[in-house]
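Everything on this sheet refers to the single structure shown next.
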Amino acid sequence: MKLTILIHCADGVGIISAVTNFLHVKGGNIIYLDQHVDLETGVFFMRLESEFQTDISLKNLKKGFQNDLASPYQMKWSMHMAGIRLKMALFVSKYNHCLYDLLSRYNSGELNVEIPFIISNHKDLEYIADQFAIPFHCIAVTKTTKDKAEKEQLKLLKEKAVDFIVLARYMQIISPDLISVYPNKIINIHHSFLPAFAGARPYHAAYERGVKIIGATSHYVTEELDAGPIIDQDVTTVSHSHSIQDFITKGRDLEKIVLSRAVKLHLERKTMVYNNKTVIFT
Amino acid sequence: MKLTILIHCADGVGIISAVTNFLHVKGGNIIYLDQHVDLETGVFFMRLESEFQTDISLKNLKKGFQNDLASPYQMKWSMHMAGIRLKMALFVSKYNHCLYDLLSRYNSGELNVEIPFIISNHKDLEYIADQFAIPFHCIAVTKTTKDKAEKEQLKLLKEKAVDFIVLARYMQIISPDLISVYPNKIINIHHSFLPAFAGARPYHAAYERGVKIIGATSHYVTEELDAGPIIDQDVTTVSHSHSIQDFITKGRDLEKIVLSRAVKLHLERKTMVYNNKTVIFT
Amino acid sequence: MKLTILIHCADGVGIISAVTNFLHVKGGNIIYLDQHVDLETGVFFMRLESEFQTDISLKNLKKGFQNDLASPYQMKWSMHMAGIRLKMALFVSKYNHCLYDLLSRYNSGELNVEIPFIISNHKDLEYIADQFAIPFHCIAVTKTTKDKAEKEQLKLLKEKAVDFIVLARYMQIISPDLISVYPNKIINIHHSFLPAFAGARPYHAAYERGVKIIGATSHYVTEELDAGPIIDQDVTTVSHSHSIQDFITKGRDLEKIVLSRAVKLHLERKTMVYNNKTVIFT
Amino acid sequence: MKLTILIHCADGVGIISAVTNFLHVKGGNIIYLDQHVDLETGVFFMRLESEFQTDISLKNLKKGFQNDLASPYQMKWSMHMAGIRLKMALFVSKYNHCLYDLLSRYNSGELNVEIPFIISNHKDLEYIADQFAIPFHCIAVTKTTKDKAEKEQLKLLKEKAVDFIVLARYMQIISPDLISVYPNKIINIHHSFLPAFAGARPYHAAYERGVKIIGATSHYVTEELDAGPIIDQDVTTVSHSHSIQDFITKGRDLEKIVLSRAVKLHLERKTMVYNNKTVIFT
């Protein structure tokens, strides 16, 4: 049995020693350990991977962890068995590049995930869902139907026990209600190097400003638009000779890469969120 | 004789043909030609390098150019003889990395430029000026002395017939008066990927936002702070494990590179400015 | 009518002027011009895009070009009408990421190309061809059947009048016979930053050497393995913490990007080959 | 007191727990821990930083470490007190950019190091040593004097108890004798992305091959030329429009950055060498 353990708590003396000792005594071999201390806030973060040769009770292990470590150190923690496939819902609109990219990776086994369905506010990409034999739900979103649409979305998400949501260029603002059900579990791709060019039409704004570099940013969705914890960013160079359409075309490749990297980091439980920032274990 | 010619005008039919034909007839061989049309504004930009084997009169050439080309096509243009060294004034404050970098390049012959003097509002870097045997003028700048200080600066700039100014982390806002004397001839380095984190303490702001990429931007100074035409940008990756001090240290290397590239582009007359953006010929 | 014109010839005085003048007289407006002189070999390269408002005879234009320009300057040249879709054959083996990537781009209209068929020496990727409704020919290649296989390939290529071939991780060496039919028209993706790690298993070799950067290279296929003219390269960082499998996974994203960029440059006729190197007009 | 501890040994169960427990019991707070297991060779690497509030005896701590940990686990290890400045000798030839860069960083306090002297086989850069007030020894190296020259170098290195050597574009091959005195303690900068273009004139070779990316590599010097463990690499893009001289100029900036990063990693004891590869803790 292989476990991934995520911990954060107030920094203090002896935490690493206590945790590694606990695991050692329980028969766990630590095959990965990384830690980080945020010096400003004095918060300690740790990610461990531990292998247990003998069959042990996960329930007992968790109980022991809570009593021996989490309570005394006031830790927030989670423990995840390897090999369990998370359920990922995809929200899309009319752009197909991120959808194609994620589904190709899914089909080739690069993403160890289940995709119970794709939700869109338009029919345009249904043919891709069909190509990959994934259920497609078209739920129109207008000002007046937004509430109803989101309820329908939530119903589907619950029915399939979806673990996290990926907005693969969904182009709609997610309401606080839905965000509160999936805190730090909704991944968005924004087509600029945030915080520059938040909001609509970032390639147009970048072109207007005459930047020499454009970027893309994957982040967890929070109530404030395009202001959630950044998971990953990447950039590419542009010049005066590129039109807005060139920006868009070049940007698409960034968006695909940056979104898929965020999805993988999330799947491998390599992300922790604190103070609207991420700790990314690599 | 080698000439560099920069032209911009309203786009139209036959301009390239007219210009290249003019030069051919005058005995000039075109060794480099690059052009760009800004489709939004319909403006045509061209940069040529032309070699003249025979001794011709530059004065006559310019006159012919004005009559035969510039007037009919309503061009704005300039013609520059190769080999003339421009005079560059350096403005610094307390940070030494950009100054060291530029002076090292200057000393090794990488920058074909004259540096008549260095101006600073502090004495801290005088020792570097001494190391490189360059006159150093300390002109203190406070709220009350700002006007006086700038007059003193202007006097020095005029005395030495300075062609352009490089703010190598000068940390002071340049007044409109000085800018108007050197339009698109004052190069600043800002320590962020503009337009993100304009203004003071960009590394602190970047740290606070939790970005995964930091950058630096060289640009021409305009009246609006950090909003002038961008000449060059570059970025480097950061992670949660980097402190603000790490951002600053990593950023220094970006600043040096991005500023020196801008200086070289300016020296080689590879920059043109239009609509608060640059055309960079490479 | 929009034309792209590619020219190379011995460098000399007045070529640009002659060409631009010729086009101007014929009623063509030059909307793009880029040129390059290889100083070592004294070869001049030029790429132009020219728009003709009036209906002119392409045949007459070509005849005039040959007589007035190409003959006197001993140019090698080609003239291409915009909007004509080239026919691209895809050769694949068992890896699906480049195939998926190219077909997604094709399906979204990013690649203005026809794909008459996919050839593979294995059945593994037939399902993707089916997904995208593209004919799939499985032609097994063994030592003994290699000749026969290639004849079969050539037959298909001729039947469909294929313009160029893309080896999307085909994993087989192309014979000189086939190469001679498609000179500088077979694009390969090699999974290293050539010339490092040519040949088989480059990620393993890179891992063994302990490099901190891995790359991918797209190039035209010549008789010498992995030694043809390089079209594009890109790299990504790796560390000691990455396994060979990590190299492979990270490399896949490079391969996709670098191959698709090469395909686009080829389609847009932005590549010229000389002395086993490319001139890439951007 | 702050200590950095480096450990490597055969991988096994309980090592992290044993080490962290040992430090905890001795009163050390672990402020940084990173580990790596090379799965191919089964070797475990660890780097820790530990703070001891109370005054403890480093001698006793080391003794305890050896008895309680190093002996049972058959560790190779080292323990370093923070704040001790290493002595770095610089070897240069005629190129000044890396020397200028390192000395600027040294002068600004970015490199926490002593530089007892600069050795060169030419007088060309003596003026820079003078600028920075660092002793300069010119030791000519010819085929016949090579042995004698190296003895002279060794004498100087011993006199000043030099800890490690940086070849800042030294352009001479270091003999096995000198290497054996400084194993994994001589840092070289090679001006290509190794293993491509090892040996002389890499920029010329890169130009000849028509690559689209050039690089620089810092590595520890071993007997085989340009084949030692790679510490850091970086790259920049080039195109057909760049001459060999452009490659050299662009490459200089890479060389400076990549060499200084290696020097810093070495100073901060963030490098470990195994199997001709490096583990770089960041």
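We call the chains A, B, C and D, going by the order they appear; numbering starts again at 1 in every chain.
Rule of thumb we're sticking to: a contact is a pair of C-beta atoms (placed from the backbone, for glycine too) under 8 Å apart; a residue touches a chain by one contact, two chains touch by 3 or more.
Quick caveat: nothing in here was measured; it's all calculated off a predicted structure.
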| item | value |
| --- | --- |
| Any chain that touches chain B and chain A | C, D |
| Contact-richer chain pair [C-D vs A-C] | C-D |
| Centroid-based (C-alpha) most distant chain relative to chain B | A |
| Chain centre separation in whole Å, for chain C relative to chain A (CA means) | 36 |
| Distance between chain centroids, defined by C-alpha means - chain C, chain D (Å) | 41 |
| Chain A, residues touching no fewer than two other chains | 241, 282 |
| Residue numbers on chain A that touch chain D, as the complex places them | 13-14, 16-18, 20-21, 23-24, 29-35, 37 |
| Interface residues, chain C side, partner chain D - complex | 36, 38-39, 193-197, 209-213, 215, 229-235, 239-241, 243, 275-280, 282 |
| Sites on chain B touched by chain D in the complex | 96-97, 100-101, 104, 107-108, 110, 131-132, 241, 249, 252-253, 257, 260, 282 |
